Amino acid sequence: MPAAQLEVANLSAGYGQTRVLENVSFAVPAGSRLAVLGRNGVGKTTLFATIAGQTRLYNGTIRLDGKELSGLESASRARSGLGYVPQARCIFPSLTVEENLLVGLKDRERTAIAEAYDMFPRLQERRRNFGSQLSGGEQQMLSTARTILGKPTVLLLDEPLEGLAPVICEELMAAFSKLAAAGDMTILLVEQRIQSALDFADHVLVLERGQVAWSGTPVELSADPATVERLLGVGGLH
Amino acid sequence: DTIKIGVIGPFSGPFAIQGKNFKAGIDAYMALNGNKVGDNDIEIIYRDVPQADPAQSKALGQELVVKEGVQYLAGFYFTPDAMAVTPLLEQANVPLVVMNAATSAIVTKSPYVVRTSFTLWQTSAPMAKVAKERGVKKVITVVSDYGPGVDSEAAFTTTFKAEGGEIVDSIRMPLSTNDFSPIMQRVKDSGADAVFAFLPSGPTTLGFVKAYNDNGLKDAGIQLLAPGDLTQESDLPALGDSALGMLTTFHYAISHDSPENKIFVEAARKAIGNPAELSFPSVGAYDGMHVIYKMIEATGGEQDAQKAVDAVKGMAWESPRGPVSIDPETRHITQNIYLREVAKAEDGSYINKEIATFEKQGDPGLAAAK
Amino acid sequence: MSTVFEARHLNKSFGGLAVAKDISISLARGDRVALIGPNGAGKTTFINLVTGHLAPDSGTVMFDDADVTALSPTKRVRQGLVRSFQVTRLFSEMTPAEHVALAVLQRTGRSGRMLGNFQAMQDVMAEVQESLHSLGIDHVANRRVSEIAYGQQRLLEIALALALRPKVLLLDEPAAGVPQSDTSRIETALAALPADLAVLMIDHDMDLVFRFARRVVVLAAGAIIFDGSPQEVTQDMRVREAYLGNYANARSAA
Amino acid sequence: MQTVFSVGTDALAYGMVLFVISIGLSVTMGLMRVVNLAHGAFAMIGGYIASYAAHMLGFGYAVAILLAVAGTILISIPIERFLFRRIYGAPELTQVLMTIGITFCVIGIANYVFGPTLKTIPLPDMLRGPVDLGYRSIAAHKLFAIACGVVVAGALWFLIDRTAFGVKLRASVDNAAMAGSLGVRTRIVYAVSSAVAVGLAAFGGIVGAELLPIEPYYALRYMVTFLVVVSVGGAGSIPGALLACLVLGAIDTTGRYLVPEYGEFFFYLAVITIVCLFPNGLLGRKR
Amino acid sequence: MAAEQTISPASKATSGPNWLLRDLAGLAVILVLAGIGYLLFPNNLALLTRITAIALLVLSLDLVTGYCGIATLGHAALFGAGAYAAGIAAAHFGITDPIIMVVIGAIGGAAAGLLAGAIMLRGHGLAQLVLSIAIVYLFHETANKASGWTGGSDGLAGISPDPVFGLFGFDLWGRTAYVFGIVLLVLVFLLLRVLVRSPFGMLCRGIKEDPVRVSAMGASVNATLLRMYVISGAVAGVGGALNAISTQVVGLDSLSFTTSAEALVMLVLGGTGSLYGGLIGTLVFMWFEDFVSSINPFHWLTIVGALLIAVVLFAPSGLYGTAVQLLQRIRDKR
């Protein structure tokens, strides 16, 4: 097994007095695709936000390429190669589309913005609009594009398909697969549409009440309808 | 026994310098005359009302009387603050010595009020005579739009008209005016020979005088006349050369040439710390203390407001500002009003140089109100 | 069936961008319509125009045979034209119970009462319980909304709209962010709606759309390019290209 | 006609002075979204340092300005580090409480250290006295203030709208957590912006000292003026603040010329009218 | 450990009699404090009465700021309107019965609230703040100009209220005024407790968080806010009238920006959005100010400033808010 690029050990986190995650551990090898699944409110978003440095970590370690992240502010984590696309999109509403992308560039040349426009031509049409004026799907595109522009080595995607048209979803998943396959990126994905997630991932982690309840490959999960029913509340997978 | 005197004034906030002068005058008096009257120790209790706030003033006055047990109330920079306390006096059996608040009517609110400062009628009316004497025919008045400003305007206008002069225009401007250029433009356009102005002492005077110069009124020979608030000594260093030659009428100048004043100024400067901060409220406080000491003497330290006030009616003495007396009828101070010119002293500092005297002026304001 | 709602020739553009081009849609009582289309096609804008949150450049909105184009959003809601929001708009410091109670009180004309307390009003409490229960969020009824998971907030958003007992219900991506396990709750809730209620739903989850809709309207670049049955829509080449992609193939194959 | 020109000139001058003094607040309030009632306090600190440098240390005007701006920024660093940093992103009212507390402290300290008298900053000969414009004369320092206004407006607009720093600042304000996750070092961005704002406050305090003289109560006395100007313009919009200053300066000046006794009325009625017509400020972006 | 189980129920309990109990407890605390004040500081009653009057202003401010989210730096306009209404009734029309004066004050305040509210609701955010400032200055200028009625900057004197019920006169010691004030405060407080818990109060809280959401529920935002403004005006007016009755003079400061700003500071200090916060903020701020300014009348401002900073640093939700959070945390630990 190749050395883990992202390694999370004994992670506990939450909001103020509310503990949400308890003792979560897992490791992700470079270039792999991990799907994190679980029911509503189990703590998927919290897990990603904690790794990205936006939620309080009570204890545990987060290592990226062997480097401990837990003491660092989120900007330093981003500069170490962590990219985060939050569920809430978090577009900068008073910045234009182009300016939103500029923020994501980190220290890259301005011209690199073209990459984002290649990925989502829709954004180029809207480049002078303010973030607050975008449609829901356009915001989702912008959020993803913005993070990818920073060339992260580990990418956390929290429901990146929400609100996107089916065609775009397909294209986007294909694009992610390509990025991961080329070994440029390790991708962690939270997705409600279980089938899409399983098609994409090479490894699956299922959370239940803030803890890791199941872990294995997509094939194993598909083969285990009881677990799927119990942990994900979904009848069967086609 | 210890006799307590409660002093209410603006000791912090935008008018802190006036409160500081109260304290300097009081300290100076006690330094020169001791803190004992007969067997009684005198204790001063200060309470702060930073800006005109009658409710606060009344609450504090009440506290001073009821809780601290003061026998005398004194101070009061603003008229409404003094007015608010007057209803207490009778029941509390406490005299009130006004050390600054300058609206004529205060003394009528209670028989226990004595005032040792001035009124705007008192300081403004003589200026009309000066104007007349100097051959000014047409005057425009510019005053801040609040009680004292209106008083000052009325005093000047009434007197100047009685002297046969003409008021070409009367401008009242908001207290918060910062930029006086448009006002100066009006003055220019009015065709007046002179402008009579009243603004409360403080930061705005600086802008006013500068605007007067910068807009070329000085060069055009339009005289600037004002009561002395505009050239308060503590503002003079900031005004600098631009104020030179300004004419003001007032009851007191730090530079007043008399032995009493020399002693007072020396003591008061010591009390205030920074000599540049000394200005007119200190003399009101100083004489206020003189009146209170007299009252204590007369009552032998007993609490008897009527007796105390009666004792100082008609009292006359030599104040640092010159000869003064308490008018037995109005209980307001009768004093000389001086015409002064802003000049440079030998040591390079700016002073209000007295150049003429109007002797024994009472308060024309009360008469006018009747 | 009678028409309750009709949008006639709506036009709207932002600067140079036309987001509604001569849109006309009518809904009859009991209609279950899905409005789909590419991102940025103008679906949310259409709802905003209809509800009065945006003013159309031209065109009219008819509701119950009356022209409501000039009415404020509030008045339209009171008549029964209710929407949900694509991005949840909830009161983060209040609890789900309070949310629904507020809607119920508003509907029953009691929201301006200055006496009493909704918790003491039996009927309100009963309805709150019932409504939260039916969407499966009654266990968080008394938590602050800021503390509940996003998916639960989406469900609450729907509960709110339903509590207003609309005649026409406009749902903007009700299932976005709701896990697959819970979309069924939304479907159940929708299925339980009064039969004469007209519902127009926007969503990108095609499984949901096809289970729900009896009619599909497709919007692209501000104009209606298709209005017909779910069966027909998967066959329409333009729709497949602009929107459905492989989904249509998968579906036709199935 | 001449009067119109004349009043117009006064209006322009007054508006520009207002602009120079309050623009720093537009940066903190509009861009950093901190309702900074302590803006006047920093302007005042700048004024005091300049006055001290000129009177006591005998420096020239230009040097005094530089010293004062640098000195004020220096003083503001610990304030930013330990106090302001705690209120970035906090509710507005909390910011009001904190910044008013700072203002009270600064007033108290200034009163204690410098005494309650007015302080002046001696102008160089070049800026002293009137300049003849042909149809009237105007104080030279007002012309100077106008020039400063134009330069500051241009420089700020460039910094905020055209540089990467400006984008990062606006992003951090919109959503600090997200900006951080995109690699923006928000703390540094905030610290730098705050220094810029404080520096501008100090600069404005000095340049405007002829009109708004330096004294301990300065910090509160003109707070309302600053607030009004910035908000009417649309907080965070440099052209908006400029426009607001010019418009309000014009209204104030004509009001005081035509009906001085109702000057205040005129001014605040105008403010109400403008705000009702432009609820987000003259050039404010809708949020 | 399971996430769901570790979360305690929100402080807003659904069970019925709980709030009644808490209100009674709150009432008891106020009365006990008032009693202690009377017994312990019999010589400071004037100050305590003043605190009571300002507390009414702060409560009224809390209604619009804490419950509706309208930040205003001009709320003293309503307070002053009440004070002048009561004062003018007494000084010019000879209406000197204190209870009638309070009613007139409330009406005056409500009218001012209607006017101010109608203007305020035209703006949002900062612009709204500026509107409030403009309003208070307009009120101030109007009172200054109408000096025939208001006494202008000299203040409106000549207010001499009759004894309450013809029995209890307003004297030097201020006992009557104090008791009168406390009774008013308690009455208003109870009414407001009912108000903020009512459906109307809940609607206002909703508007504070998202007016668009509220209007999408079919409620009219502006009408609701305007009603609240009128109520708030009446409360502030009662405070103003109390001030006029107890000090027997009304000054321009009662409708000044400074008073407005101080009221806001007191509210935030105590904690917005709960009536207790308003009361605590007023008490602490005014008592502290009086305390330090009598110790050092010259340099007390610095200390008050330091207090405000300290509160933001150590009690960011205001004194009451932070205390509640602390209690909650302790309860959670158990």
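Which chain is which? They are A, B, C, D and E, in the order written, and residues in each are numbered from 1.
Here is the rule we go by: a contact is a pair of C-beta atoms (placed from the backbone, for glycine too) under 8 Å apart; a residue touches a chain by one contact, two chains touch by 3 or more.
Being a predicted model, the structure only gives us computed values, none of them experimental.
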Graph distance between chain C and chain D, where chains that touch are linked: 2
Give me the fewest steps it takes to get from chain D to chain E if each step has to go to a chain it touches. 1
Strictly by the touch rule at the top, which chains does chain B share as contacts with chain D? E
Hey, which chain ends up farthest from chain C, C-alpha centres compared? B
Farthest-lying chain, centroid of Cα atoms versus that of chain E: A
For chain A and chain B, let me know how many angstrom lie between their CA-based centres, rounded off. 74
In whole angstrom, how far does the Cα centroid of chain C sit from the Cα centroid of chain E? 42
Euclidean distance of C-alpha centroids - chain A vs chain C, Å: 28
Distance from the CA centroid of chain A to that of chain D, rounded to the nearest Å? 43
The positions of chain E in contact with two or more other chains are 4, 7, 141, 299-301
What parts of chain D, by residue number, touch at least two of the other chains? 108, 111, 264, 287
Could you list the positions in chain C whose residues touch two or more of the other chains? 147
If you look only at chain D, which of its residues touch chain E in the complex? 29, 35, 83, 86-87, 90, 92-94, 96-98, 100-109, 111-112, 224, 227-228, 230-232, 235, 262, 264-265, 268-269, 271-272, 275-276, 278-281, 284, 287
Which positions of chain E touch chain C when the two form their complex? 4, 7, 9-10, 12-14, 16, 19, 194-195, 197-203, 205-206, 209-210, 212-213, 215-221, 224, 227
Going by the contact rule at the top, pick out the chain A residues touching chain C in the complex. 15, 18, 39-41, 45, 87-88, 122, 126, 133-138, 140-141, 159, 162-171, 192-194, 232-234
Touching residues (chain side chain A, partner chain D) in the complex: 52-54, 73-75, 77-79, 82, 84, 86, 90, 92-95, 99-100, 102-104, 106, 130-132, 146-147, 150
For chain E, which residues are in contact with chain B within the complex? 43-47, 49-50, 53, 141, 144, 147, 151-155, 157, 160, 171-174, 243, 246-254, 258, 293-294, 297-301
